[in-house]
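Below, each structure is written out as structure tokens.
One chain, chain A, links the two complexes that follow: it is found with chain B in the first and with chain C in the second.
Let's turn to the complex of A and B:
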């Protein structure tokens, strides 16, 4: 559907001009992962950033070592519990509605003002992840809106080619969305069984087709030659439960353990993210 | 095992075994253990009265077995949503309380929005002692206005739009409305404005009087409560 109500920017990618400097060639060639395979990037999380919302949180994930690669910046606000619209049917539980929206300027490819299918998809995944965490029957007949704006997407602006990595970026965005929404829900005072956090693990292939694929957590698509498969896990640490699992990619059929080890790595990434979440929430409460 | 529960709790944090505490608000039970479900401070409330010598039972009541355990609850800490650099709003944020939903049995204060011959539609403003942040819609049906002579009740002789009514929640109702009732003496209209625009005084169980014009208006009057 086209957006006829607003003045839309030009469609298509916007790439900042790159001048043929000697120093810049360095940058483009400085590829490769600078972290250990099982280390996630540093993140910053803060609750209570939006005064008008019932609860809110802001998440920023460190830009990778390569300059020009932007990090992920997410802002989440929770509104509610509030009364359902008159048209809604009776619900004995809280009705969760999630909205994930990329800012028009968040990614290289300009986004419209209306949510596109990939953003709706993120919202549905987020809803599934959160529904397993909140205690819905504490709030009958009410609804809660969780709105996440992706202020800056996790994209390499310098990379000239679009490596078909949109879906891998979406996974990183989803794991950030889950973590930031959990913080905002706790800030809003909505009952949750646990703090849910997201984590991503990927099976990547570095330089050369014949090298053996390795599993890394928190992948940045531009740091690797090729991503074969990735999974995003939403995990409750005290319950030891997975509330949402999004798996994508091709795995060699010969190795059956690869699937489970990928999910395990995803859980490990989620545990790391949860540590930041717990630290942020204890800071909030003090 | 005599571990003391933490003073501050995060969602999912273990508070203690269910054999030692009763779950209060902001907690949940999982695998015979109590966990926090909210972010905030942990409060432990001792049981209201010591289990003394029981009075002679005149009727059969369910055994109050679990009442002797202290209740553990987690309350959202005040001023936890202080935005950066908003020191002036400290007082406003301190007063921020957790939103409470009306529950069955709560006494609420509401304002009458519109009346029909069968019901009065109200907006619930206060639940217990808490001012609600959201406005919830309620319904007082004609048969729930008073306990006696229900067939003689007329809505327009009981409520008028703009009245403030004290009522009890009797049901979560349908998708849009909570069902309310004013069938007790202390429930009914507490604040009414006459047609002339003056705040009226209650003079009987069914009448308000305008102190300036002396006109009487019919209402389902709430019995004035001593402060």
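Let's turn to the complex of A and C:
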């Protein structure tokens, strides 16, 4: 059933352009990582981009040196706190509702306007990460909406092989979402125990036959041969608490050290992002 | 004895009783000779600063970011291919490529029918991004979003901004390469011809596919006058659009695109939308008695507060790029204050607006 409230275009399905792969050898060669293993990409954060919202923020992660790889661009707006509708049941805490939506032009393939399951998943993770930071019982019977539009995804435009990168891209997107949402919440003046920021660490196998896997922070899938596992952490630095942990991948259960060091690296990435966040907020205050 | 005076800060006053607030701003009681000023200090004919930035996205074929005061719109244009087998009731284009492409205005007008019948332009406007408190996601598109999409859609077709000849993909690459195709393609062309000769049948030149342009607009921030901002974003993004050069691959029997070569869209003219709202002295919903014939003000480029207080609005789309002013469309709704004289005068205002937008486009 087509959505009649939007303009849907031609009845026959359209196909995204298929490219001629001749003369492509120079592009397919795996590009190495250009940063140190424990360095995150530069990011730019700004609050107050949507004046009509209670709070808003914009985050842009630096486009890496390799051409055709776009950096993540996120815009977040916060509406509330405001009273819940009459039909809603009583709540002693603030009710968080998070929406994460990819713009139709954000990724390699055009996205539709209806939210797909992966976007819902991102929303759930984001809510979990923020719930631990907000002092929820200061606003009983009220709700707040946190809306994030992913204006541009973190994807390699030229990669013709789809190696299941979406999963890892989602992790990078989530960590960005957490950071930008924390900035927008602060901009809206909603009390939090601390500023929460996201960080990603991954266990990667680099190009080369039998190199040992290494742990890097803020991975870009196209820069590595293979990603074995990754984890996204939402971390409160002054309280030393993790509010959300999302782990994905395939690791032997016997090697516990690997798990802890992966989470530690994630926390380290999150601390770096937090520094940017705090810098941005104190700049706004001045 | 005087009543105790309460001092309210301006934003609170604006929220509590918006109509008197705007009215007091427009009619300065202290000095009636002063020109009327709006709540944010601009005159009735002043527009908000316009900033246009093109090519800000990397996944789209064309994009633009337009800021009109506090209204921010992001537009991305993406081309996808529609093979002709998938078009129900497809009518093959008559004549050879040279005939069709070189046809003057007749070809353009016939092309418009083609564009509309096959639905090659797909504009959509998304407001539900938290751009304003009334636009929250999780609900179907509001009436405003739907009307805006439809208005952009019909204006795209009626102005003929994009010609269908840029959207057709032909079976054979152009013989007389107009400097668009590199040496490599010429070689391929030669190879193809050989093949055809081997088959014994020289295949006729025909249209094999069309580009469909998905034009998606995302409101990052909403503060009134959405149509002007959205239309400026559409025009800027289309002028920025570069579609990959597509050709028919007879071996794989599908259309393939070149990774390196891109071609600019030929965007005809520069239509600019100009909106104004009419603010009446009489408050909305106030019927009959009291003020009989109130004064009214024409507010150019209304913001969100003004839009909620005005019932009547006029939008004029003009194009002065040929040297003379051509009116592409006039839309007026909601009241009777704007008469024939005002509409005529409004064309002059729109002309001035055109100059401003043209400057911002560069």
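What we mean here is this: the second predicted complex is superposed on the first by the 254 of 286 C-alpha atoms of A that agree within 3 Å, B and C clash if a C-alpha of one lies under 4 Å from a C-alpha of the other, contacts with A are read in each partner's own complex, and residues count from 1 in each chain.
One rule holds for everything that comes next: a residue touches a chain if its C-beta (ideal position, glycine included) is under 8 Å from a C-beta of that chain, and two chains touch if they have at least 3 such contacts.
Source: prediction; values computed, not measured.
Of the two partner chains placed around the shared chain by superposition, neither chain B nor chain C is touched by A:172.
In the superposition on chain A, A:149 makes contact with chain C only, not with chain B. After overlaying the two complexes on the shared chain, residue contacts for A:110 are found with chain C alone; chain B is out of touch.
Of the two partner chains, chain B is the only one touched by A:141; chain C is not.
By the touch criterion defined above, A:51 reaches both chain B and chain C. Of the two partner chains, chain C is the only one touched by A:75; chain B is not. By the document's definition of touching, of the two partners only chain B reaches A:278; chain C does not. Of the two partner chains placed by superposition, only chain C is touched by A:8; chain B is not.
Shared interface residues of chain A (contacting chain B in one complex, chain C in the other): 49-51, 56. Residues of chain A that touch chain B in their complex: 47-51, 54-56, 80-84, 86, 88-92, 135, 138-142, 186-187, 189-195, 236-239, 278, 281-282, 284-286.
Per the touch definition, chain A reaches chain C in the complex via residues 3, 5-21, 23-24, 49-53, 56, 63, 68, 70, 75, 77-79, 97, 99, 101, 103-108, 110, 113, 115, 145, 147, 149, 151-153, 155, 157. The touching residues of chain C, when paired with chain A in their complex, are 57-60, 63, 70, 72, 74, 76-83, 86-88, 118-120, 122-124, 126, 129-133, 136-138, 140-141, 146, 149-150, 153, 184, 212, 214, 216, 218, 220-223, 244, 246, 249, 254-260, 304.
Taken together, the chain B residues at the contact with chain A in this complex read 8, 10-14, 26, 28, 30, 35, 37-41, 76-77, 80-84, 86, 89, 98-99, 101, 133-137, 172, 174-176, 178.
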